[in-house]
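Each structure below is given as structure tokens.
Presented sequentially are two complexes of chain A, the first with chain B as partner and the second with chain C.
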Partner chain A sequence: MTAPYLELVCPAGTPASLRAAIDAGADTIYCGYRDCTNARNYPGLNFDQDEMIEGVRYAHERGRKVLIAINTFPRAGDEKPWHQAIDNAAAAKADAIIMADIGVLDYATKHHPSVRRHLSVQASAANALSIAFYRERFDVKRVVLPRVLSIEDVAALIKQTKMETEVFAFGSVGPMSEGRCFLSSYMTGLSPTSEGVCAPASHVAYKECGDCMKSCLGDVTLNQFAKDEPAPYPTPCKGRYVTQGQASYLFEEPIGLNAIDILPQLKAAGVTALKIEGRQRSKAYVAQVVGAFRKALDALAQGSTESFAGDLKSIAEGGRETFGAYKKGWR
Partner chain B sequence: MKKTPRLTLGPLFFHWPADKRRDFYFRIADEAAIDCVYLGEVVCSKREVFFEDMLFPIAERLRKAGKEVVLSTLALVTSDREMKAIKDRVKAGFLIEANDVACLQALAGKPHVIGPFINVFNESARDFLIRGNATRIVLPVEIPAQSIGIIAGKTETEIQVFGRQPLSVAMRCYSARAHGRHKDGCQFVCGRHPDGLTADTVDGQPILTVNGTQTLSHGYAVLLRDLATLQKMGVTHFRLSPQDVDMVEVARIYRAVLDGQAEVEESEKKLRKLTGDIPYVNGFLHGREGLAWVEDRI
Partner chain C sequence: MPPDRLPSPLARAALRMMPVAMLQRMIEVLMCGMRREHPKLFQNLLRLNPAVVRIEPTDLPHRFILAYGKDGVSLTVVPNAPQPCSACIKGKLEALLDLLEGRSDGDTLFFSRGIEITGDTGVVVALRNTIDREEINLLDDATGWLGPFAFPARRAIVLVDRLALRVRSRVEEICEESRR
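Take a look at the complex of A and B:
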């Protein structure tokens, strides 16, 4: 089963990034509202309703789509912001809403049945039964697959479910099952699930200790490095820990995911859409990544196998890249 | 009429040798003041083969001792074999604790328990799941008391009140990685760490516990001082998560506090003697960082 076209789904943390991504060749943009309803709730990012309406208009005029991520888990007794966001997304004429919480999905299904629903990676649906659950209960049309699956897993899942899938192609390697990782809140008290913040900058500190530097999240030291070494951002799953006297990147190294050289395999697996991560990134970053993937996809459509990896080497996380879980052996 | 609070024993997260498991559960059956026991492998399906034969005899022994038996399922399901295992368990007639949404699909409306690995953070999610015939909901460890107060009360509600808190689940095996191996050739090194493998920060602070594909807190969650308040909020079931300590004695301490037969302060001192120098945590309950210990009661 080969998908006829790989849709390029690109991040926009700001209206300027949205326009930049579209101009660089994105087929689809995903973005969120400026509050706790989306999983990238960082200062200075995201859209208010006027910006969203304008962004959707900009995209639609150019034949592109906008997906709105409302993909955190509402806190008990405070579900209103999520319901408001769903209502706003419908009013803004979003092409789909990306959700994870069962309660939020239920609300959207009941109140806006005609708005297309996508299942967020935060729902961690990594098997055919889970996908069937969300399809039957909420008529979900697309699933964003967790970053823990190999290409073989992805292909088998698509074959079994015949579901439209979106997979991560560029950004970070998330070793943990998304939406169910409490490591950041364990260290900071702020939750990726409810507040949409993982390793928030407000809790990050770089400290000098003699000849070296330490990077900390909350009161927890997550790494130590020489002053002239690059300092990776202290995310709990990319920290250096000591087990049995040996320091190592126990969960994952500070390394970026880049699937640009395995696009033919992803296409052959039957993937519908490729997701570029980076709503928290700059407009220039977004334009560069989107541009490189556009070139690669256009070349692929014409049967070329030219590599475009070089275009992205300099901007990958930690300056290094991996195929992540897509390749066997990662586990 | 107020219901008697139920003390439960959560699924064993660690890879204990078969004999040790059997002896553990037989002793729980014979001696522990526990009302309900969750069996089954939650972390890694590769381990199941070691335990499969014992499941029915252990379940039988526990039932004969008057304990409810619930079968917990994997927290992250990816393979066809794992999906089939879930379907088989459902068919075998066990009450199931669903830890992956896959399980809800397989249950097709049969009464079940929602495990802590399915996110229930609000009343809408709760209500949807109750409509799907969830009869008990075990809330995620991250949930603060404020939310528990809103969610509990409508159906049986369970909270983990003792033991390391599960913080994440993955496909990758970190026990294997820590031993320089891959998941496919792990040789079950996780079995060398019956209470999990401690991960320290680079400056020597024990911070996390690694157990196969699972990551847990280093500290034990101890919510003894808040049991009475949680009960008032509508929590009906109180979960002890098995650690490599005298769990029968742990159960005795919690039972006495739940029944109003023992003072909290005295009980915490007794518990401390059982658990050595492992720190206690209760931060999540207070809406704080999970690794924190807050002296105040909620």
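Take a look at the complex of A and C:
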């Protein structure tokens, strides 16, 4: 099963980014509301309902789609913000809602059955049984696969499930069990899964320390880097910790995922859509990454084998790129 | 052809020479233009937690304080001396202008150490995101109030910028010759 066309799904943290993504060639935009219901709940970011309606209108007028991410997990006894967000997304005429929590999926299925449902990567559905459950119970049309699968795994899953799949093409590597990570909540008391804040900015501090800079999350020092050394994201998974007297990246290296040079393999695997990560990044980032992927996809559609490696290196985390789990070398 | 952006070498040269009182007056005119062109930016800044952000262009002698809160939004020139603030952003003028006008990605600049931030990171992230919501062009904002004269004003800026670049390259040539 080979997808005839790879849909380019791009991030928008603000209305300006949404326009930038569409103008740079995105087929589809994903974005979220300005609250705890989406997994990028950072200050100054995201959309209110008026902006969402206007954003959907801007996209639809140009023949593009908007997906709204309502992909965090409601807190016990406080599901109202998630239900309100679902109602708002339906009213804004979203082309689909991206969800992870089964209660939220259930609410959307019952109250807005005609709105298409996608399964967020936060649900961490990485096997055929799990995907089948979401499809059978909530009529989910598309699953966003976690970044832990090789291309062969992705191809096998698509063959087994016959589901539309969306895979990450650019952004963080994220080999954690997605939607299950609580590391930063141990340090800040705020959870990425229910408040949408991985390493909340209000708890991050950079401190000069002689010729070095220290990054801290709450009371924990995550890293110390020299004057001209690239700085990674201040998340616990990208921390450089001292064990047995030696500082090293115990969980993840600061390196960016970039699948731009394996698009033919992803297409051959039957992938439906490519996801660009970065709702917390600027419109300049969005325009650059989307533009590069548009160029690569158009070249692919014309049968070109041109390499685009290196075009996005400067904006990848740590200035380094990897194919991540798509070409696993560590299992 | 008028420029579509404020030429940063010219801006830097002009700002270096400008006395504080004149610079403050120019900032007030610019802020007035920005209020007119970007009312939502100012509304969104007032939705944030009140903060005082120190801005340090490392290639200029001037320092600036951006404050927003119950007294509104203000940008003030301040002496180059430590002062209490919520957060501080340091970088070359060109990097700071690129950020403001949405040409650069803040994370990329920060991670490559093109800018430095200290203090409350939450304040800086909120400010960065709020500014990035807008499509800002300082040259338009600075000359918009001139109405029909905006176009010739931008043209004049191009001519002065070209002249400044020529003078600078000639000065560099003379210095090079004198070193030989």
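Basically, the second predicted complex is superposed on the first by the 325 of 331 C-alpha atoms of A that agree within 3 Å, B and C clash if a C-alpha of one lies under 4 Å from a C-alpha of the other, contacts with A are read in each partner's own complex, and residues count from 1 in each chain.
What we mean here is this: a contact is a pair of C-beta atoms (placed from the backbone, for glycine too) under 8 Å apart; a residue touches a chain by one contact, two chains touch by 3 or more.
Here the structure is a predicted model, which means the values were calculated and not measured.
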Contacts of A:Asn38 with chain B and chain C, given as first, second, both or neither: neither
Chain B versus chain C as contact partner of A:Thr322, first or second or both or neither: neither
Which superposed partner A:Arg180 touches (first chain B, second chain C, both, neither): first
Touching partner for A:Asn88 - first (chain B), second (chain C), both, neither: neither
First (chain B), second (chain C), both or neither touched by A:Gly103: first
Superposition-derived comparison: chain B or chain C, residues of chain A touched: B
Chain A partner contacts - residues on chain B that touch it in the complex: 75-80, 82-83, 86, 100-106, 117, 119-129, 140-142, 146-148, 150-151, 165, 167-174, 177-178, 182-184, 197-205, 207-208, 210, 215, 217, 283-284, 287-292
Chain C to chain A touching residues, read off their complex: 44, 48, 102-108, 110-113, 116-118, 120-122, 124-130, 132-135
Footprint of chain B on chain A - complex, ascending: 73-79, 100-104, 106-107, 123-130, 132-134, 136-137, 148-149, 153, 156, 175-177, 179-183, 185-189, 191, 193-194, 214, 218, 220-224, 237, 239-244, 246-248, 250-252, 325, 329-331
Complex interface listing, chain A residues touching chain C: 13-17, 42-45, 200-208, 213, 227-234, 280-285, 288, 314-315, 317-319
